[in-house]
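First the structure, in the form of structure tokens, and then the observations on it.
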Amino acid sequence: MAASKPPSALEKEQIFGMAEKEMEYRVELFNKLTQTCFSKCVENRYKESELNMGENSCIDRCVSKYWQVNNLVGQLLGNNQGPM
Amino acid sequence: MDKSMLADLDSLPEEDKVRMSTMIDQLQIRDSLRMYNSLVERCFTDCVDTFRRKTLDKQEETCVRRCAEKFLKHSMRVGMRFAELNQGAATPD
Amino acid sequence: MAASKPPSALEKEQIFGMAEKEMEYRVELFNKLTQTCFSKCVENRYKESELNMGENSCIDRCVSKYWQVNNLVGQLLGNNQGPM
Amino acid sequence: MDKSMLADLDSLPEEDKVRMSTMIDQLQIRDSLRMYNSLVERCFTDCVDTFRRKTLDKQEETCVRRCAEKFLKHSMRVGMRFAELNQGAATPD
Amino acid sequence: MAASKPPSALEKEQIFGMAEKEMEYRVELFNKLTQTCFSKCVENRYKESELNMGENSCIDRCVSKYWQVNNLVGQLLGNNQGPM
Amino acid sequence: MDKSMLADLDSLPEEDKVRMSTMIDQLQIRDSLRMYNSLVERCFTDCVDTFRRKTLDKQEETCVRRCAEKFLKHSMRVGMRFAELNQGAATPD
């Protein structure tokens, strides 16, 4: 592949554009996951500034389950590992 | 996009039309990835509420499947209605 | 119009920029409408994967009313058919 | 934007200043379209709850008008307070 | 500073990019503040189209407190006046 | 980013790699500013509910500090788990 002829200007734009969209997608996935798991796992009275053991294990499981939902929806939409 | 703008676009040379269609493609890709993320967030929020295990149980998985299917059907229906209204808005009526 | 002199580089940027903003606006309108009508019309226990008759007619009316609200707000802000 | 950045901008040639002001214009257009979409979503969500007919009834329409007017007045007031705070932040206080 | 040598093309891109991000940040801060204070201060039955006195003073205080929270969080993250 | 795309990137000349890494930096800056805005919004919404005075009282300030610290710790933990899952997805397993 590295030996093939260099991409044209338009192809380059498309490669950059796709890489940018892909990164935006991952950032948004991470942000939504972070917000959602915070709402589900962290008590919002903020009686202390540390995460307690229950919160920490809830967060780990929440991330794991969110990831599975992401993959499951990706399969339903016709690909194997999420949208890309 | 209103007509005067499209008229301007017609007067653009070929390379600009290519650029415009690339832009439209890119926006559609971004849009479908965003919709995908929103769907995942909604189905997760509605279907997953217990965190005693790190894997989805059968019930949660069924809920997520139905949620995603319903959302996609909903989204297609909204798309059709939305297109009808967009066209209607352009005619005198 | 097609016979007028070609736009300058800056004018082109502005035409492209406006077309892009206009498309982003429509996409965002569609996404908000879709999310809002899903919340208003679809029961969120997901007992089946089909939309039933009641949900379908609710969706149609919801889209129609959302469109009217969009136009009404556009009129209040001083134009006739939404912001553009 | 902090001052060192503005100093850098001053040293840019004329064409870059034009480009910068075009960028600012574009961001403001995008911003006002987003605000518009948020206003529509909020007033729809707060005012429309029944879907037995496909047109707004009188009560819903009145509610949407008031909501939009209130939101605009609110938004202008917030804008004034926000500007005061932004200016205050630049002075020693 | 104005007398220093002109920035390179790459430096220019970075200056423009930073200015753009900074503006996007301020716009988003303003929008979130506006939405949040509307939810906190304005009654959502919309019995009239004017903001009453109670709502107006609530809005002023809400903006002021939001600003303080913004600065407080900025300090916690290690700078003095918000993220920039 | 899948591998075929990365292969394409390898074949790009040096200036394009610089451009790519500038793009990544810019997205990360935008991302952290957005996260910051979301954190402020959430801690304000959860901690501030009375508007009889224009300054934060002691209790609100304590609440905001704890909220922000918790959110940052949470965010770091999510980041680690997320990275593990991303790596795991690339291995057979």
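Odds and ends about this structure:
All chains are identified by letter, namely A, B, C, D, E and F, in their written order; residue positions are counted from 1 within each chain.
Methods note: contacts are C-beta pairs under 8 Å (C-beta built on N, C-alpha and C of every residue); 3 or more make two chains touch, one makes a residue touch a chain.
Predicted, not measured: the structure shown is a model, and the values here were computed from it.
Note on connectivity: the fewest steps through touching chains from subunit C to subunit F is 3. By residue number, more than half of the contact pairs of C-D reappear in one of the listed pairs A-F, B-C or A-B, namely A-B. Subunit D and subunit E, compared by their mean Cα positions, are separated by 11 Å.
Chain centres here are Cα averages; for subunit E and subunit F they lie 18 Å apart. One finds 29 Å separating the Cα centroids of subunit A and subunit D. For subunit B, the set of residues that touch two or more other chains comprises 34, 38, 47, 65, 69. Counting only residues that touch two or more partner chains, subunit E has 18, 24, 41, 60, 64.
Beginning the circuit at subunit D and passing next to subunit E, one meets the chains as D, E, F, A, B, C, using touch as defined. Those residues of subunit F that touch subunit A in the complex are listed here as 1-2, 4-5, 7-13, 16, 19-20, 23-24, 27, 31, 34-35, 38, 42, 46-47, 63, 65-67, 69-71, 73-75, 77-79, 81-82, 85, 89.
Residues 10, 13-14, 17-18, 21, 24-25, 28-29, 32, 36, 40-41, 57-58, 60-62, 64-66, 68-70, 72-73, 76-77, 83 of subunit A are the ones touching subunit B in the complex.
The residues of subunit B lying in touch with subunit A in their complex are 18, 22, 26, 29-30, 32-34, 36-41, 43-45, 47-49, 51-56, 60-61, 64-65, 68-69, 72. Contacts from subunit C toward subunit B in the complex involve residues 1-2, 4, 6-7, 12, 15-16, 18-20, 22-24, 27, 30-31, 33-35, 37-38, 41-42, 44-51, 55-56, 59-60, 63-64, 67, 81, 84.
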